[in-house]
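Two complexes, one shared chain (chain A), two partners (chain B, chain C).
Then we have the complex of A and B:
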């Protein structure tokens, strides 16, 4: 087995474009779930409206920068629409409504009714040319040996990790402020926060909207990289990737979503490499029942096992404090 | 002693007080067929400790929930210093100066003791979204912290300020909840069974703290079902039974009141407690 090849590929994944995109997405979810305690199971919906906001604007002849703004506004409106009816209710209602809303959005942009605008199941392509046209990085390969990226990938990675840095600073400022303390108080006990004069509904709505806007940035970033939006990329599984990352890194921590995403994609690629080698290249007799097409599903099964192990032995994630986790929330 | 002020007040339900801070009129709340609260008139004298007692199910906590905006009233009105409080959401009631605690203590478990205190402070511009990002809130924070630490010292929790509130004992959580309520700088503090589930050794400490709140000029209303506890510290006792106010008066007169003995004390002999 070529371990160096497998490890290098996994290392590339850890700092690659999906890792940056999911770090951003997980930061948005972390604000909602980790800090405010909102069970948003429709986070992928924010990514969808962000990506489609950008793609549709550019497709209809609008400038790229306007597309970004439209994407963010779509996500803010989505947060309002979801939050106003549900945030006064018990937490589980938000979970039910959001998971349904995410699917409704996907099915709507997919429908033939919306196809004149969204281009239906084929989606919209090549709307980020403006971004790639201003790539200042000379053509070539950057890195050492197999650990190399071309100029296009480097440009996208710069944007992605730059966004991660900017959003981290923003989150740091927000969470360490009295606003951040108030949303954590709401996570702990809404009635106590109300009795101390905090507008719980207002805070939850703000958290849902801001987290959604960050999710929209992640959606736009992924769409820019792929120069493609198609409805079926926005399945509920994407939300659960983000949840896995938040829990892996430690909910309610600033660095958790970033390291969580890097570890997630590292392990994802590592498992892929190992499974492919064992099943396809080495043709191990014990694994003879499997072929190359089984690598993906097996990888998911192992990931699920890993997540279970994490919840049992380290429920606070990588950065969370065990002491904090073990406090009974009464 | 404020109780002197009340010495000329007749001992009858719904009686007017010389200087009421809270005036409640015609408040009704039903759950299905059960009329949980049916109070015709009630006044709370400013700067006193008023106990609201009654057997379990008398409607004490429901009345608390109504007055603090945690439950919706069917009909009725109540005023704080002349300002109507009906229909105002709970968080605004708190900002107007009526802060409550809960029967089951609600400490913010994964916030530190000091953060529990700081979050209760009013008028922090950094608590708004834009204020947090661009406002100047650090000097407010510093001033609040001085107040918070002073209050923690007073309640004997200063040495725990960096511990998670969830790691405190039950009694310490009660103290923290009381100290935290003070951070809101309320006019009226409404304590829902502050002695419930507290180690008897700590009961006296809690009572001393409640008296101290009154001595600071706060109006204290507290719910209790144990008659003995209220005897010692309250200046005025309001007795509720089946949603109604059935008697009012200083503790000594309540103990002799025939209706109270029938409705409440008589019942108490049947209880195991």
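Then we have the complex of A and C:
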């Protein structure tokens, strides 16, 4: 058993492309859930429309930059459409409608009806050549030993963590603005905000839309890295990765989504390495009922258990203090 | 990382499933055009195609694997029928790399004058009622649990799966006793009901006592749904499998409606069960107490009702009904590890249509959603039938958020 190898792989995951992507995604969700108290279970839908907005635009001959704008506009429209019927109602209605909408979006882009535009279940590939063509990093491997990335990965990571930095700055300004104070007031006490003459519905709608646009950026970034969008990558589980990350890092904190994402991917990769070692390599007799194909599902079951545990015992995040934690209106 | 890195299908559309539809009548062969063929993988539709004027159809698939190919019998023109009515589905068509696999359906002259509009509409209506029955059974528990505790249980769909899978264990599993599915259903339903009760005692009650809020509880239920779903996946594997009994049945004709007998039995049995649930809620003391707690828990408590006990009974009953719904679903189609999760959206639509928190609303909503979803395939592509449920959800929330039978103050 090679523990150092498992640890190094987990370390790579903690600063790798998925960690950056989910940090961005979680920042969008953090605005909605952590700061405003909205229970958006369809965050994956924003990632989907962002990625498809970009991929379809480029696939149809449009420029790369236009694709990014289209993706963001799609996400803003999605937020508007989902928010209008639900945000005047209780939190659980938003959760139900958004989780349903995310699934319907996935079914729509994979349908043969939409296939002329979305390419159905095959998806769209190679739409980010423009981005990789301008890679200024010379070919080679960067890092020490196993802890190494090639020039393509380094370029994508630079984009990802660069985006994380820019969005964090944006969030920092946003949360300290009067608008940011208003949404936090809504989270703490909706009725109080209402009685002070704040347009609660409008603020919630704006938060849902802006958070969705950030989610769209995460979706685009993941799609750029893979040069591929396929509908079945956008399953509801993705939303709950982001939820777990937000809660891990501490909802309603600026850096929570970033540390949360790094810890999440470190643990996820570590779990994978440990289980593969125990089940496949060592063939422990106690675990003889399982084989290599079970590693994935067991990891997801443990993920569910982790989400439950966090929500019950550490809803303020693993570093946060209980007193500051007030995501529970009603 | 496994989930979002979907194989890029090797950038290829190399694998396809194709065929030619011909009506063979004695020595004459004529192509059959305009018939819909559907290809599915693990219950998800991969693609559909219509046969062209020469009877040819072809559907690209994402890669090598085993697919289900179905001829949509409803789309056969007049005077054409499958020579073997049971062979409208080819459950395991295996495709190798770069293979253009041929799937064959044998067509001949129909015994009757073909499938007319009435036959199509009426058989879809029956299928819709059957599906509605399954949704209704699964919805009542969700709605009642919401009524008495305020929790929207996102793991409710997985109780449906659990019912179906446990019945499979006692029925068709090689390690099980191999009972008839109707016998196997009994321990399965009891176990799901017990699981519901244990959840309440071991988890939800303590959480409510320590004042965990609604939003946290919903997220906990999501976490639980992943635990159940993926444990089932490990135990049951990802392969959809039928029960030993009632898997294949021939169509029968009844008052001008063509359908398989099990559909009618499921509908009739569900109506009886839901009727008994209704009687229990109206006539018995415990049922009245349940409705009282759903209406106003504090008031119920102060008038001497043991609220904790009522909630426990609701959990046991609601989970048991969901387990029963799962067995019905498994008999009607196949048993699959994520069948309940796929049903959850329809359950939500039913519950919101009828009114969150009401049992009778959930029953009504279940049937309406089932029929609406199935009948919608008359006018929209079959891939979008689930979207009808979202349509119902959104329209209800805009027009009458308390649902058909709900009361206004619940939505606040």
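Criterion: the second predicted complex is superposed on the first by the 319 of 330 C-alpha atoms of A that agree within 3 Å, B and C clash if a C-alpha of one lies under 4 Å from a C-alpha of the other, contacts with A are read in each partner's own complex, and residues count from 1 in each chain.
Just so it is clear, a contact is a pair of C-beta atoms (placed from the backbone, for glycine too) under 8 Å apart; a residue touches a chain by one contact, two chains touch by 3 or more.
None of the values given here were measured: they were computed from a predicted structure.
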Putting chain B and chain C onto chain A via the overlay, clash or fit? fit
Using the touch criterion from the header, give the chain among chain B and chain C with more contacted residues in chain A. C
Quick one: is A:188 in contact with chain B, with chain C, with both, or with neither? Answer first, second, both or neither. first
So in the superposed three-chain picture, is A:179 touching just chain B, just chain C, both, or none of them (first/second/both/neither)? first
Would you check which partner chain A:205 touches, where first means chain B only, second means chain C only, and both and neither mean what they say? neither
Is A:104 in contact with chain B, with chain C, with both, or with neither (first, second, both, neither)? second
Tell me the contact category for A:196 with respect to chain B and chain C: first, second, both or neither. first
After superposition on A, vertex chain A (C-alpha centre) with arms to chain B and chain C, in degrees to the nearest 10, comes to 90
Report, in whole Å, the shortest distance between any C-alpha atom of chain B and any C-alpha atom of chain C after the two complexes are superposed. 10
Output the chain A positions appearing in both contact lists, the one against chain B and the one against chain C. 327-330
Partner chain A, residues of chain C touching it in the complex: 1-6, 8-9, 11, 13, 44-49, 60, 62, 152, 154, 207, 212-216, 218-220, 222-227, 229-231, 233-234, 345, 348-349, 352, 381, 383-384, 386-387, 389-390, 393-394, 397-398, 401, 411-412
Enumerate the contact residues on chain A facing chain B in the complex. 170, 173-174, 177-182, 184-185, 187-189, 191-200, 206, 210, 252, 323-324, 327-330
For the chain A and chain C complex, residues of the former touching the latter: 13, 18, 37, 39, 41, 84-86, 89-93, 95-97, 99-101, 103-104, 107-108, 110-113, 120-123, 125, 222, 226, 228, 230, 232-233, 235, 237-238, 240, 243, 247, 268-269, 290, 294, 296-298, 300-301, 303-309, 311-312, 315, 327-330
Please name which positions on chain B make contact with chain A in the complex. 68, 70, 89-92, 94-95, 99-102, 104-111, 115-116, 118-120, 122, 124, 126-129, 131-133, 137, 141, 164, 166-167, 180-181, 183-184
